[in-house]
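Next, two complexes with subunit A in common: one pairs it with subunit B, the other with subunit C.
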Partner chain A sequence: MNPSLKFLLAVLIALEISFTSVWTVNLALALMGLVIILFSRPKLKRLVLLFFVPLIPAIALAVAILLQSNAGMHFALVLFTRIYAYVFVGSAATLTTSISDLVMSLEQNAHVPSKFAYGFLGAFNLLPKIVSEVNIIRAAGNMRGQALHFWSPQLYFKAILASLDWSENLAEAITSHGFSEGAPRTYFKQIRVRWWDWLILFGSLAALQFVLFGLHLQ
Partner chain B sequence: MATISVKNLSFSYPTEDGQKPLTLTNLSATFPSGGFSLLTGPSGSGKSTLMKIISGLYPKFGGLVTAGEVRLGDQKISEIPEQDRGQLVAMMFQNPNQQFAMDTVERELIFALENQCVPPAEMMPRVDRALDYVEISQLRHRQLNSLSGGEKQKVALAVIIAMKADTILLDEPFASVDPIARQLLLSKLAKLQHDEHKTILISDHDLEDYDQYIDHLFVLNGTGDSLKLLDKDAAERKMANFKRQDTSKQYLSLPAQTDHSIIEAHDLNLTAGTSTLLNQPNVSFFQHHITLLTGANGTGKSTLLLAISKLHPYQGTLLLNQKEIAKIRNKQLLQEVVLVFQDADQQFLNVTVTEELALSLKNSHTPEYFEKRLPDFLKQLQLADLQDHVVYTLSGGQKKKLQILEMLIMATPVMLFDEPFTGLDFSSLQTVMAIMKQVAQDCQQTMVIVSHQLFGLDALVDYHVKLENKHLQYVEGLA
Partner chain C sequence: MMKYSNAWHLRDIILLTLIAIFFGVIYWVVGPVYNILTVALTPVGLGPAANDILMGVWVMAGPLAGYLFKKIGSATLGEFLGAVVEMFLGGQWGASTMISGVVQGIASELGFAFTGYKRYDWFSLNLSVLTTTIVTFGWDMIRNGYAQYHVGLLIALFVIRLVSTWIFAGVLVKAIVKLLDRTHLMETRTR
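Let's turn to the complex of A and B:
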């Protein structure tokens, strides 16, 4: 499915289940999300994390509702399943899309300015560097007899300085590789929105309305 | 093809209080079309600034042209629309780490071609040809982050070739490139000049290896107010100073039985991504000696230094004073070992030169020794007048000198240097080496130095260990 529409669908689903309270639909969405996740063949570790990380807020919420309010079992169940629905639907969208495909789709289909699209991509590619940079800054501190803790302003000063420096170099680099804001570009990989993308988007939303309100009316 | 003409150019980086000190003053020169020109000058003279003005990056990204102009052919560089500029002039940067926006080699090339509105069907053939030209087809799908400095510069050249830029500017491109990769890049550039009549302009303070390639030698003086084309004789004399000192006949001794080892490795295994860099049954570095560590680009020299400083994971045993490095607490370890990073910016913790030096003096193992000698060291390194400067605004060579000095002041028992001599002009290089030698002797230090540049090193180092085929071995020859 087209990456931009996929993310739009995930956001719309999340929005809609935030305002409805049918736990069976939440559960069904979570299961569908899980099936899509499993089709993308994730690593076992990631799968385990996906199950356990949401467990903490989900249980905390459910227990809080059960103990502290008189909304009852039904509402606790709704909140519990809602969290899993959020996580699995969101992961189903992210795990099946590469960052570069998403950025290209945002640029080509959603017409996000290319400056933002490539700025975002450049920044994303810098993420692993930021982690190692922080380690290096702390080591540089230790070598000079200056311990930098995570609350030391100096650590952030250096990290911010490094990112400013990177961003400037990145801007110079893409300019020297011919990038110019607002100028026309060609696309090696054309990302199209096809009729079935729209069909999946509207079909899924229609089905969601049907089950939500159908179940509600009963 | 186009001649680059610089006419009465003055350029300034305005300061916060509104002053406009001139970095370049009234420079004029013509870099001939289709020629291979080399621009040289001492560290901090403004070579990078001039290159960036010619490429059109400045003043867009900084500074101010206060007078004069630069023309490419008969067009003013500032009037060429950005999207057309890539085909006319492209630039390779000094720092290989910061010239790519994408994640993989192939995507970076495609990105550049997309920017030039190349039809999609033509892209792959152009990418194939460019990678093939620089002989790096095997790097095509590699992550740019995982490449070594030399490999990144080859990718940068491939991008320029794919873009079919007419004029190629290279700003100290070989600072982190080993001699073999450097020769390859230079011969590819010469081929581009001969076969495709490209205009090539390289800036470098180190003139080694250039004599067979270049047509014109330009010299920018230390204060940035004179840019001259040397005539043939003067150029030859200047190049002769840099003739690769024949290091092949210089010999060092091998470690003696009586040497006391301070760093020891047993069955050490180092990896980067999925590839094994080092697989070493046994090796030691010896106390109170200076050891040179060499090897081709990407063989893992820097990684070994990082492992010793606990900044890169390792498998096997790696001992400092008989203690497993992985088990020593960071703070304690780095009181015993310091790493002088390849990128000087990473070393700095403060804002001005004075603050940087003060921090080192405060926490030094032997503050008295350095308090006495600091003014003299600063003078020798030509840093004395720069004390209230912000460290990040210093030139590449000045940063390097300050970085080495402030780390020497710490007087830590073991010092690891990762390419400490890049960006240093000839006289700075000799001063730095002399100071390193003096401090190492007086403070009884152990040093391990990774360096591509071997000039004059026979006077500094005691031993030479080579990293080849994933293996470290002590050798007698320097080359």
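Let's turn to the complex of A and C:
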């Protein structure tokens, strides 16, 4: 499916189930998400994490409803299944799409200005470097007997300094490769929106409206 | 009053995205703290309070971006990109992270918008803290079912969130900006 439309669909589903309270629909969405996730053949560790990580907030919210409100079991179940629907629908989109495909689709199909598309892409490619930079900053702090926690301004300050440096270099590198802001571009890899992309988008949304409002499930 | 340019250039976009990713990674580091707090508070039914205690951490990127770039939309974009990164790293809220990112971004943007994007000082930062707390709390009343809680708990959660947001998105952001101002690095870039 077209990446832009896929993410649009995931967000619209998440938005709609935030405002509705039908736990069976949440469960069904989570299961459909799971099927798509399984087709993408994730690593076992990732799959196990996907099941356990949402468990903590899901249980917390459900228990809080049972103990701290009069809403009862049904609403607790709604919140519990809602979290799993969020995570599995979201992962069904993220695990089947690469960042570069998403960015290219946003540029070509959603008409995001190309300076944003390439800016995002360039920065996202530095993700592994950023993870190691955070570790380096913390290690450097530790060596000087200065523990940097997430509440230390120094940690963020140093991260921003590194970002300033890299953004300058990266922007120059992109410009050196012949990129100019606002100039018309041709695309090496064309990403199209096909008729079945629209069909999946509107078909899924129509089906969701039907089961949410047409079937009177509770 | 300095006049700030509202145009986005390639290096601004890259810088904003890099900062957002840094925050996304730092949020990811904070994840375990959230889990431990939630597990500890769940038996008494106060698990969601962990969300409010740490709220300030999740919403820092917005006001910081707004304050650094001084452009319309920078707070929203910074917060949203941070959320997208968190989702791709495998955050706990899945697809709803993107919605939360937009909600939090607009929430902190409102603080700057109310001053007409003219004031970038302690006042506008505090205004941003207030709008962030109110708007994100409204979203949690819907998404996480806060609306069902007893009034006492609801007020307590709101106060906790306000204090958390003030400490992280207010005091801490101010401290970071102060450090940056002393380097004079941002001045040549944003004006």
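The criterion applied here is as follows: the second predicted complex is superposed on the first by the 196 of 218 C-alpha atoms of A that agree within 3 Å, B and C clash if a C-alpha of one lies under 4 Å from a C-alpha of the other, contacts with A are read in each partner's own complex, and residues count from 1 in each chain.
Everything that follows uses one rule, which is that a contact is a pair of C-beta atoms (placed from the backbone, for glycine too) under 8 Å apart; a residue touches a chain by one contact, two chains touch by 3 or more.
What you are looking at is a predicted structure, and each value in this text was computed from that prediction instead of being measured.
A.B. asks: Contact-wise, after the overlay, does A:Asn125 reach subunit B, subunit C, both or neither (first, second, both, neither)?
C.D. replies: Touch status of A:Asn125: first partner only.
A.B. asks: A:Leu67 contacts which: subunit B (first), subunit C (second), both, neither?
C.D. replies: Once the two structures are laid over each other on A, A:Leu67 reaches subunit C alone.
A.B. asks: So in the superposed three-chain picture, is A:Phe116 touching just subunit B, just subunit C, both, or none of them (first/second/both/neither)?
C.D. replies: So A:Phe116 only meets subunit C here.
A.B. asks: Check whether subunit B or subunit C contacts more residues of subunit A in the superposed model.
C.D. replies: The partner that reaches more residues of subunit A in the superposed model: C.
A.B. asks: With the two complexes superposed on chain A, say which partner A:Gln154 touches: subunit B (first), subunit C (second), both, or neither.
C.D. replies: both
A.B. asks: Between subunit B (first) and subunit C (second), which, if any, makes contact with A:Ala183: first, second, both or neither?
C.D. replies: In the superposed model, A:Ala183 contacts subunit B only, not subunit C.
A.B. asks: With the two complexes superposed on chain A, say which partner A:Gly141 touches: subunit B (first), subunit C (second), both, or neither.
C.D. replies: A:Gly141: touches subunit B, not subunit C.
A.B. asks: Give one of first, second, both or neither to describe whether A:Thr175 is in contact with subunit B, with subunit C, with both, or with none.
C.D. replies: both
A.B. asks: From the superposed pair, tell me which subunit A residues show up as contacts to subunit B and also as contacts to subunit C.
C.D. replies: 118, 122, 133, 154, 161-162, 166, 168, 170-171, 174-175, 179
A.B. asks: If we count contacts the way the header does, which residues on subunit B are in touch with subunit A in the complex?
C.D. replies: Answer in residue numbers: 52, 55, 57, 60-61, 81-83, 85-87, 90-91, 93, 95, 98-103, 107-108, 110-120, 123, 144-145, 159, 163, 309-311, 330-331, 333-335, 338-339, 341, 345-349, 359-360, 362-363, 392, 406-407, 410, 412.
A.B. asks: Note which residues of subunit A are touching subunit B in the complex, please.
C.D. replies: Residues 100, 118, 121-122, 125, 128-129, 133, 135-147, 154, 158, 161-162, 165-166, 168-180, 183-188, 190.
A.B. asks: Using the touch definition up top, name the residues of subunit A that touch subunit C in the complex.
C.D. replies: Contact set of subunit A toward subunit C: 7, 10-11, 13-15, 18-19, 46, 49-50, 53-54, 56-57, 59-61, 63-71, 75, 78-79, 82-83, 85-91, 93-94, 99, 115-116, 118-120, 122-124, 126-127, 130-131, 133-134, 150-151, 153-157, 159-164, 166-168, 170-171, 174-175, 179, 181.
A.B. asks: If we count contacts the way the header does, which residues on subunit C are in touch with subunit A in the complex?
C.D. replies: Subunit C residues touching subunit A: 8-15, 17-19, 21-22, 25-26, 29-30, 33, 35, 38-39, 41-48, 50-51, 57, 60, 64, 68, 81, 85, 87-88, 90, 92-99, 142-145, 148-150, 153, 167-168, 172, 175-176, 178-180, 183, 185-186, 189.
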